[in-house]
Amino acid sequence: MIPACDVQYSKGQGRFGLSKVGVNGVMKPVRIVRKEDGNDLNEVLLCSIDVCVDLPATQKGSHLSRNVEAIRAVIDECASNPVESIDAFAVRLSKLLLEKHEYAQNAFVSLDTTYFKDSTTPNGRGTLEGYNLTAEAEAVRGFGVTKSVVAEVIGMSACPCAQETAKEILGANGELPVITHNQRNVCTVRLTVPEQFEIPINTLIENIEGCFSSPTFELLKRDDEGAMVINAHRATKFVEDVVRDTLAMLVSEYTNLPDETEVWVRSESEESIHKHNAFAERSAYLGDLREE
Amino acid sequence: MIPACDVQYSKGQGRFGLSKVGVNGVMKPVRIVRKEDGNDLNEVLLCSIDVCVDLPATQKGSHLSRNVEAIRAVIDECASNPVESIDAFAVRLSKLLLEKHEYAQNAFVSLDTTYFKDSTTPNGRGTLEGYNLTAEAEAVRGFGVTKSVVAEVIGMSACPCAQETAKEILGANGELPVITHNQRNVCTVRLTVPEQFEIPINTLIENIEGCFSSPTFELLKRDDEGAMVINAHRATKFVEDVVRDTLAMLVSEYTNLPDETEVWVRSESEESIHKHNAFAERSAYLGDLREE
Amino acid sequence: MIPACDVQYSKGQGRFGLSKVGVNGVMKPVRIVRKEDGNDLNEVLLCSIDVCVDLPATQKGSHLSRNVEAIRAVIDECASNPVESIDAFAVRLSKLLLEKHEYAQNAFVSLDTTYFKDSTTPNGRGTLEGYNLTAEAEAVRGFGVTKSVVAEVIGMSACPCAQETAKEILGANGELPVITHNQRNVCTVRLTVPEQFEIPINTLIENIEGCFSSPTFELLKRDDEGAMVINAHRATKFVEDVVRDTLAMLVSEYTNLPDETEVWVRSESEESIHKHNAFAERSAYLGDLREE
Amino acid sequence: MIPACDVQYSKGQGRFGLSKVGVNGVMKPVRIVRKEDGNDLNEVLLCSIDVCVDLPATQKGSHLSRNVEAIRAVIDECASNPVESIDAFAVRLSKLLLEKHEYAQNAFVSLDTTYFKDSTTPNGRGTLEGYNLTAEAEAVRGFGVTKSVVAEVIGMSACPCAQETAKEILGANGELPVITHNQRNVCTVRLTVPEQFEIPINTLIENIEGCFSSPTFELLKRDDEGAMVINAHRATKFVEDVVRDTLAMLVSEYTNLPDETEVWVRSESEESIHKHNAFAERSAYLGDLREE
């Protein structure tokens, strides 16, 4: 029999409290059951999970194994009592962490996954698209849980300035869309809200996709590819425009979210004319955006 | 001749101001001239550079090409008027960005590089070690420049808890250091100060290396390897200990830095017994750490 | 209606044939139904898929959209006629690629995924461990299909040389296991065989795990951690030893595989005493290994 | 005093010979002195270095510390006797490895670096561009040294098929260049030759850049950006075309290289219309390409 480890319990030796102590990169399959049109959709998401809690100055070490035990306990519980989203999973896990680490005041959880969603090409064909998705939760003892949903969406941006320049050089009369450089653009939106607010992920992704010059697709037959290229050249956008249009979309579409919702939007353009990228960002409270 | 691009100047169309607009991943060789023992040491560092400024709501687009022009101008200036460190480079560049983007209130610069430093093994042999180094600068119009130095140092941590357990199981009498698991540990320190404060990088790295169970070395002859392993097993540390010892070191060694110095310390242990990592963090003002 | 694209069909313009033309990084959830103890285990694996075919000199361009169509067709077929493994998926897809690209002589498929497997700690507790897994298939028109299974397994290696040195320096009498440095070790095994041979993945992973100083676990209670550390220090291994023991394991355990099985084994040790890694490799036919 | 380590020398215990044993990821600044227009250009390149040798079945372990000693010795020698290129460095290091590992028959060296080169925009402005560069050397005892130069060049490719489709849909009359999707394209060329052949790196990069729809630049004023976009749309290329044009360039420009030169060319297009990439490859002897 192994006696308890004195090393972790010798109180009072540590001079400084720590903001975060935990584990990162724990790989787990997470099962969610999503409601859609009245049906239950079973999905298994491969997640990389980070969890941590704070550590008071009086305590020598954090009980790291409790973190993995908590992850396992929530996964087990989901077998009988499923979650509807990875942010719901993160919230549930953050609460259990506070239970298990009785000395901690805060618990943080982050899950990264690849999420798949049905989409439709310009000419109406169905495709399946993948997105990096992150869910975070922070539980503060006595103050509830805040959660974040982070969607990283790939689209296309076509440059309005080079189009204008090309038009001038070529002497184009403006009847047809004019050439410009275009490229992959990654638009990332993070929304941070109290746990009771729902942010349906499929709608969020679709809303973001509407802010590019064009969304992108896994499979494009010739007519779809042509339509997509034409659409993009009729909706040219700088990285600044992608961010601003996304902010405007959030203000108009998310009227149910409270003013204190924290918003972070970033658009990064993998410039086809340079070896480096261009980017734009905005962070703000939703309430402030509503007034701008 | 190409007329000015109207697209970028059409004021008042953009509804939202943006926190950051710029370019990232610009690769450049940066020359620094470091003073050491009264000598000038010429070094060329390969840097990946990110720069951005804010954008007011009244302006349609940021002038992205000015960012690369500013980087080039500072590199050119360094030929005749060299900088002593990459944080000095970042500060100089942040000021020029505010000059070039007359509409901006803030400018941000970040440089990532690999830095090399002479070191010495336990038994006195010379080695050359590499470190990831980041310098950041934020210039606020009318309020001066704040800079950050971020040193990412690789060392070894050996686990005190598993050592205690192994001692109990084996019935070791404590005369010899007892086995435990050990692994790479990455300790990252970020210090944010007003631009006039100097943070000599070699000393900072050496100070951090003193907070591991042992520093690591590119080349170890047998006696050095033996000495290093013994040293590490006599200075076992959790990730929590690495962070706390680093915080204590900062308090005792950096008495010249002001209370408002922002400190962030993270230790991440690439656990040899798990497939995932363990980590600990603390962020605080130096003034608060001085009082804990 | 969009007429056929002449660009891709104008034959005879291309001077050089190409070895490979295709798409890479297509993300897809792939469902497999594994037989285990007479039961069907349904698993959904997140896969990154690369596919390509060769292109004769006479053909201007490859039909890239057929690659994604082929991936989708095999995923659809798996709904009614499931595969038992990702290598079976790769084989099926490689055959369909040859069908769809009638001008090609070779088709290549590669799937990368994270695979989970139940494991057991030294003291008998159950855990779930994750592994990077790759399956490849190459179909040659008229010559059948060859497939590869690549398992990347993380374990621990403890250094025998530093242990010997520490023993000498400390004057240890050899009764107790002596300290040494240990670290994460990644052992990768690739086996390439004709399509009809089965290589059960769970057994392969377990066999590789037996060749480390110790396997690693997501969750270790104190007694398990102590036992694991002691086990590892009683089975110290260089990277060379991990590779050789793996080769010996393959010879003794895979007597059913043919002599022409291509074997590649690599062990990489993330040295806790250095900032760089150490590695060893062997590639050979299984028949040659049987005679060494 | 530390006696010699018996562990590494106990012969005959190892059953299998190993193809490669060594270290990887050793970071070093490497100084080269390039001849250009009769001048000596001093450059310091940040290199990540891998080195290894084979290990016969009769030898228990490889002397890993000799690898780092060899790297240091060649760097020291370069202070007085500089190399002109990183491939010359790799060749010199591979020879020293065979000297130091008297039991080995083969030595392999690989250096990865970021290389900078002056370039010129379409309208004649100077820029500085960065490229990933790899040099490899393989020394076989008694058979000399073979070296490889690998240049990874980023450019732009614009799609001819989508341009054709857009032209049809839009009813464009062909007077002006028609819109299409374009994106970053990474073209990688590896040339493997006996050590005595020189492959000037600046010329190689420029030759590859001529095979894209357009090269890319760190800084483009408006007229340059417009010219570049127009150029690219007048030289649309599939990934297949980039590879084939590169192969044709190698045949016409490298008449001094022997028939047994090994050629590998890959073009990867970071498709702006998809979330995945498209790629094409060819590997061949230069002699075979000369006959196709």
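Order of writing sets the chain letters: A, B, C and D. Residues in each chain are counted from 1.
In this text, a residue touches a chain if its C-beta (ideal position, glycine included) is under 8 Å from a C-beta of that chain, and two chains touch if they have at least 3 such contacts.
Bear in mind the structure is a predicted one, so any value in this text is a computation, not a measurement.
Colleague: If you tally contacting C-beta pairs, which comes out ahead, A-C or C-D? Let me know.
Modeller: C-D
Colleague: By CA centroid distance, what chain is farthest from subunit D?
Modeller: A
Colleague: Roughly how many whole angstrom separate the Cα centroids of subunit C and subunit D?
Modeller: 27
Colleague: Determine the centre-to-centre distance between subunit A and subunit C, using the mean Cα coordinates as centres, and give it in whole Å.
Modeller: Comparing mean C-alpha positions, subunit C is 30 Å from subunit A.
Colleague: Going by the contact rule already set, what residues in subunit A reach two or more other chains?
Modeller: Correct list: 2, 5, 26-27, 130, 161, 165, 168-169, 218, 220, 222-223, 226, 274-276.
Colleague: Quick check on the complex: what are the subunit B residues that touch subunit C?
Modeller: Residue list for subunit B touching subunit C: 129-130, 154, 156, 161-162, 165-166, 168-170, 172, 176-184, 214, 216-218, 220, 222-223, 225-230, 232-233, 270-276.
Colleague: Show which residues of subunit D lie in contact with subunit C when the two form their complex.
Modeller: 2-3, 5-8, 14-27, 52, 55, 57, 60-62, 64, 160-161, 164-165, 168-169, 238-241, 243-244, 247-248, 268, 274-284, 289, 292
Colleague: Could you list, by residue number, the parts of subunit C that touch subunit A in their complex?
Modeller: Within the complex, subunit C touches subunit A at residues 1-2, 4-5, 26-29, 43-46, 65, 68-69, 72, 114, 116, 128, 130, 218-223, 226.
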